[in-house]
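Shown below is the structure under consideration.
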Amino acid sequence: MLTRALLLPAVVRALAEDLEGGDITTEATVELEAEATANASARSEVVVCGGDVFRAVFAEVDPKLEIATLAADGAVVRPGDVLWTVRGNARSILMGERTALNFVQRMTGIATLARKYVSALPPNVTTRITDTRKTTPGLRMLERYAVRTGGAHNHRDTLGSAVLIKDNHIVAAGGIGRAVARARMRAPHTSRVEVEVESLSQLDEALAAGADIVMLDNFTPSNIDAAVARAKGRALVEVSGGITLERVAALAKAGVDVISVGALTHSAPAADIGLDIVPSDTPAP
Amino acid sequence: MLTRALLLPAVVRALAEDLEGGDITTEATVELEAEATANASARSEVVVCGGDVFRAVFAEVDPKLEIATLAADGAVVRPGDVLWTVRGNARSILMGERTALNFVQRMTGIATLARKYVSALPPNVTTRITDTRKTTPGLRMLERYAVRTGGAHNHRDTLGSAVLIKDNHIVAAGGIGRAVARARMRAPHTSRVEVEVESLSQLDEALAAGADIVMLDNFTPSNIDAAVARAKGRALVEVSGGITLERVAALAKAGVDVISVGALTHSAPAADIGLDIVPSDTPAP
Amino acid sequence: MLTRALLLPAVVRALAEDLEGGDITTEATVELEAEATANASARSEVVVCGGDVFRAVFAEVDPKLEIATLAADGAVVRPGDVLWTVRGNARSILMGERTALNFVQRMTGIATLARKYVSALPPNVTTRITDTRKTTPGLRMLERYAVRTGGAHNHRDTLGSAVLIKDNHIVAAGGIGRAVARARMRAPHTSRVEVEVESLSQLDEALAAGADIVMLDNFTPSNIDAAVARAKGRALVEVSGGITLERVAALAKAGVDVISVGALTHSAPAADIGLDIVPSDTPAP
Amino acid sequence: MLTRALLLPAVVRALAEDLEGGDITTEATVELEAEATANASARSEVVVCGGDVFRAVFAEVDPKLEIATLAADGAVVRPGDVLWTVRGNARSILMGERTALNFVQRMTGIATLARKYVSALPPNVTTRITDTRKTTPGLRMLERYAVRTGGAHNHRDTLGSAVLIKDNHIVAAGGIGRAVARARMRAPHTSRVEVEVESLSQLDEALAAGADIVMLDNFTPSNIDAAVARAKGRALVEVSGGITLERVAALAKAGVDVISVGALTHSAPAADIGLDIVPSDTPAP
Amino acid sequence: MLTRALLLPAVVRALAEDLEGGDITTEATVELEAEATANASARSEVVVCGGDVFRAVFAEVDPKLEIATLAADGAVVRPGDVLWTVRGNARSILMGERTALNFVQRMTGIATLARKYVSALPPNVTTRITDTRKTTPGLRMLERYAVRTGGAHNHRDTLGSAVLIKDNHIVAAGGIGRAVARARMRAPHTSRVEVEVESLSQLDEALAAGADIVMLDNFTPSNIDAAVARAKGRALVEVSGGITLERVAALAKAGVDVISVGALTHSAPAADIGLDIVPSDTPAP
Amino acid sequence: MLTRALLLPAVVRALAEDLEGGDITTEATVELEAEATANASARSEVVVCGGDVFRAVFAEVDPKLEIATLAADGAVVRPGDVLWTVRGNARSILMGERTALNFVQRMTGIATLARKYVSALPPNVTTRITDTRKTTPGLRMLERYAVRTGGAHNHRDTLGSAVLIKDNHIVAAGGIGRAVARARMRAPHTSRVEVEVESLSQLDEALAAGADIVMLDNFTPSNIDAAVARAKGRALVEVSGGITLERVAALAKAGVDVISVGALTHSAPAADIGLDIVPSDTPAP
């Protein structure tokens, strides 16, 4: 569920990018009072995401447009399936089309990729796939929602919501032990403390310091096994960096708790979704 | 060249997404007065893009940071090459890191993909590769700049800057001839009129109506040849939709003037660029 | 048709200029629950413009106000004619009055002046009257709409939508030929290339370079005739700068294609439109 | 003196209207590193206004541009006089030119018109010329400043800063006496109470009710004389509505305290100010 | 009456502070379709304020929520009294709860404190209690409204709406007489001129200069009596600075016209208002 | 450390509230070029907070003003101590004074109250004092910083950063066990899960469900002792609601880990800080 008021600034900015000079093609060729119905449909199999944004874009162009949702966020649809229908003033539909599609193609692309990662997990594991903070500037809220819609989880939202100690922090603080202790003192008591480690000895330090989560950086498979064994019952184990779909199953079987995947948000290809005006003698679905 | 004042809203929004709650890790582990130098370097071969934005992000975090540019926008760099260097307060560097990288990874990813498309053109053709309006909501200005940085061209910026008549407009206007005539009347005299056509007969109609540009939709190679022959000297020929790198050379050889590629902006994978604090006993490049 | 979401920032800013401290007169003298009807009427003959903005202002003050449109945008009305009616809470009407009028007086003033210029064209010419980029900061979208409402045309919207090469550009590029060639390479293929020329020899250069449009700067009538003759069939001819109503007919008869008039937006006098509460024993029109 | 931080939103909005798609002409024809000097000069005699805004526009395009002020706000200059000089990157100058001129032409136009009205006052009177709330939406702060720069005065800034009781308020409150009493109770004690009257008998009512200011609506010259006589020592007398330059002297001689002129802001023609690149072999003034 | 469009920016900012990362607790534990009713009730005796803001917060979270007002702004309620009821989606109610309460607790706190000051006035005096410009940054409009809701008055809204000459101004202008004269010349004729004085001799200067209001700074009770006597019929007398509830009656009896109290807005404790979900078998009030 | 770019919107909004109509008193009485130095000093003993904001306000009024910091954030100062000095244009100083003070009086007031709570903790306890989400709308970032400056801690920043299950959530989820399990599934793995409990039996449920933190609601002292004993080693114990300074020591001695105090932000009285122009013959400190 996306809070509508928090969506609107992104929607209005996107419309302004496209429409402040009007739509000279549509104004020239479509009558002011013409009515139409248009279907937004998938061109390939995708996990649908972005209904609230689709609706908000068209409502900001013309509050009188009627939007029907035929596929809920999270649904898997097949090529040709209609996701949403827009009815009303034909000019308004054409003027909002590109902006609406730009949003939902991105969100659906992310949800679809997230689902692929989640589906790559073997059955009966508790490992979770998460996003990272590598989101598109200005769209973090929407992209994190798309990740959840695909069945994956979110990592920490912001630099203020949880602690993640990396090598630079360790150096600056003078060692893992001091870094964890200081972070524990400073962080809200509602936040966990995570430490990125580059070796088993750093792992031991982090566990001894009481880290709640350890993130393994470039560990070999055998070292991952060793790390999971040592951390068991003491801290969650996260693996991050260069995670491909192919590696997911093995990581999960190794007992890793969290696999974080930057590509979910920074490199998901746009889903192919089109908007077609329904010929006037064709009933809408 | 990006106008700094027009960049800033996107930069400030992105920082707010990450930093409004502070950076609890950095505040806990790094001394308030600590100084550092960090290098942003490419992890693979890329076409650099986004120096102005990189600089703006860090300047908004802390105006005292010093940024040096080692690779200009448009330069091709190899893995390990340093693109930009940041010196100053260590906390400020760590707090701006993710936001700065999120921008430049996207922009560099687009420039790199654009360059690939341009490089796929055979020598001695005048065909141009262009983007489309399928840009990320809120980032159109930056993404269009990245496309140019990669050596490709921009298509029309907005719905108000040029005419592109599609099938829905043709139906609404009652034929290509009327659509073109009405668009010509309505559009600024500085704008060209482009018509999307689905067949050779529609092409003939568009040419007869005086279209300045025709966009061929799903034409077979032989029909593209025929279209180019008929349009020669009368209108520019654009091909769009599902253009892969592999198709570019053949399209150019066929004499197409413009190849527009939505994927340049909607599906370019992020470039891999990292920021590393330089150990204090290592001189910066 | 103005996209409502894109209007709202200007409307809210204007209301904030007037109302953030409340309306102490109205709050003191008008009962909280009082109802009223008010007519916005023209005090002189004008071309109506701004109904969407009028409606938006009152809706932002109080969404329960009912607005009726009695004269559509573009209609010519006579002194005393009612353009719009507002009914509802009396305080809300009085609080929105000045802001609404400030918008529509300006827009109607521009539409009315544009109509005068268009009416000065002789019958059976294709010459068009256009605006320029000399618009009021922050109101370009509204003013360009008003120009169209008056029957005139828009020039290019922004510096990014079409090419207009002026003397400074010519000097910088090293001549008209190089300037046109470089602009053609850089500009979107959907944009035309226009060149401002100061003499017949420059005109010849521009035509030879393939300019799509030539703008004549300070040409004498006989030179305008010569220019039109030379450009015929090769480029559109635009005249700009110091155009008075009296000169329009002659310029059109000389065969000029475009007459651009900065005064349409930068010096149109406000139309005289007033808002009057209807005495309670008087039926609204 | 204009607070820079409060200017900026209007400046950035105006730049965004023009430049979000870049400046394709300038980028194509002017070298990235080219330097230039440009003079902004008056084409006719004007009262200069807007130096701070001129400076802010160019600073937002490129903070490295250097602006010199040759004529202070309020100065009277002759045709050809240089008001401000800009030096630095040639592209930056060309990209900011139109936006900067749009602001200062409007502001200088208003200051010049205000000065004309002030100059129409006979010597040795205390009558003041004021603006009204009929300002351009979004530019009230700048326009009120321009009015003062021309030597005229401001009326109340907002609906919350002072009381002005009009006929609708009188009807709503049930008479002038009650309206004034209620307004006095509600208004800040720092605000005066003004009443618009349509007859001498209403004037008497207003004076009896203790109005601080009376505004005469459509009074004949002889009634104005009578009104001034009755109000003398009891209230200030303001005249408003349809004030032409020609009427100013007579009104002042009649003893009117305030003449408010909506045209100062809603209908002042733009001043003619141009920006010219100085040929490189010409020294700047 | 608060203009809704002017409220919204503050409401949206506040929601963004709390909700941009979603509400992970509510999303996890409350079903998407669950419905609920919640009562906002006072925990102590207060003067209610903020109904419009309460309504706006929930409408921005979810426009389908229904809000009922059981106690109007300005009403005095007892502990346990329900002020407003919200019905609809349970998630939406929980997500807006804290933001809505943060607003109304502050506004009600201010109204309640203002009422205490007003109630401390003896019967049959015309002395008014006012706020100052010591308001919370970003919330001035709401806090001034709360002051009025509590029965007190507003002082000048902004630095532009009326004149208040303090010691620094007097020094800068070279004496009270010159300061008043210059302020009278510069200020809108709708504004009064107030002077802060530190002694009876300064008071005499201010009165002689024609000040409309004098503000007594740190006067002893006997000097206040003297000041009131001298100012009677010539200027309003205001007392400001360190006003406690206990001093109000004496100041009023001394004949002071205005008592301004910064604490009304800068130090009013938040009112205790809670929001409780009504158990499903309990009818709402 | 506050990120300057994220401060600015609040600063600019606050200046706009005060200064959009100019400062008519200062403009009338202070010469345009006058220079001054002013000291901001404490009127009582306080914990200083807000130097960055103080600096930002004056920089936004006039970037040429020089600000010196004499007391760092977090310092305890005595009445009369100077915290910051401003030098430069006298008008600029007077125009920014109120806005700057409104910020720092609030921030210093919060830091001072936080310090009182922290000082009430007995020596050698690990109990922390925290804020809540009961912050002033629009100022959460600043107020959380002020809490830390006073030596207290922050609670979770937003609804998206950690889980806090309250009674409504428990009812909705069907029991504590299910609520915790579902929240654990949904929440980022970097977030802890906190449960508010109303009885020892609920406490047992929460501990059994694996809550990381339990918040005791209205527990008697003996029940608090019992709760601490049961939770020891299993979960952190937080106490919230109606915490007075007097209760702090006993709660800490009872072994409570966290005491959260809404009053820190919603009811801290403003600190008394004044700004005084230094007479020109007095050296600044």
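Should a chain be cited, it is by its letter among A, B, C, D, E and F, assigned in written order, with residues numbered from 1 in that chain.
Rule of thumb we're sticking to: a contact is a pair of C-beta atoms (placed from the backbone, for glycine too) under 8 Å apart; a residue touches a chain by one contact, two chains touch by 3 or more.
All of these numbers come straight from a predicted model, not from anything done at the bench.
Engineer: Copy of B-D's interface among A-C, D-E or A-F, judged by over half the contact pairs being the same?
Structural biologist: Going through A-C, D-E or A-F one by one, only A-C repeats the B-D interface.
Engineer: Does B-C or A-B have the larger number of C-beta pairs in contact?
Structural biologist: More contacting C-beta pairs are found at A-B.
Engineer: Compute the distance, rounded to whole Å, between the mean C-alpha positions of chain A and chain D.
Structural biologist: Computed from C-alpha means, the inter-chain centre distance equals 50 Å.
Engineer: What whole-Å value do you get for the distance between chain C and chain D if each is reduced to the mean of its CA atoms?
Structural biologist: Roughly 22 Å separates the two chain centres.
Engineer: Per the centroid of Cα atoms for each chain, what is the distance between chain A and chain E, given in Å?
Structural biologist: Comparing mean C-alpha positions, chain E is 43 Å from chain A.
Engineer: Going by the touch rule set out above, which residues of chain D reach two or more other chains?
Structural biologist: As it turns out, chain D has residues touching two or more other chains at 11, 17, 19-22, 27, 95, 140-141, 157-158, 160-164, 186, 188, 191.
Engineer: What does chain B use to touch chain C in their complex?
Structural biologist: That would be residues 128, 130, 153-158, 160-164, 186, 188-192, 194, 213, 236, 238, 257-258 of chain B.
Engineer: Once bound in the complex, which stretches of chain C touch chain D?
Structural biologist: 10-11, 13-14, 17-31, 34, 36, 90, 94-95, 98-99, 101-103, 105-106, 109, 133-141, 158-166, 168-173, 179, 182-183, 185-188, 191, 262-263, 266-267, 269-270, 277, 279
Engineer: For the complex, which residues does chain C have touching chain E?
Structural biologist: Those residues of chain C that touch chain E are 11-12, 15-16, 19-22, 27, 32, 60-63, 91, 95.
Engineer: Considering only the defined contacts, which chain C positions touch chain A in the complex?
Structural biologist: It comes out as residues 1, 3-6, 8-9, 140-141, 144-145, 157-158, 161.
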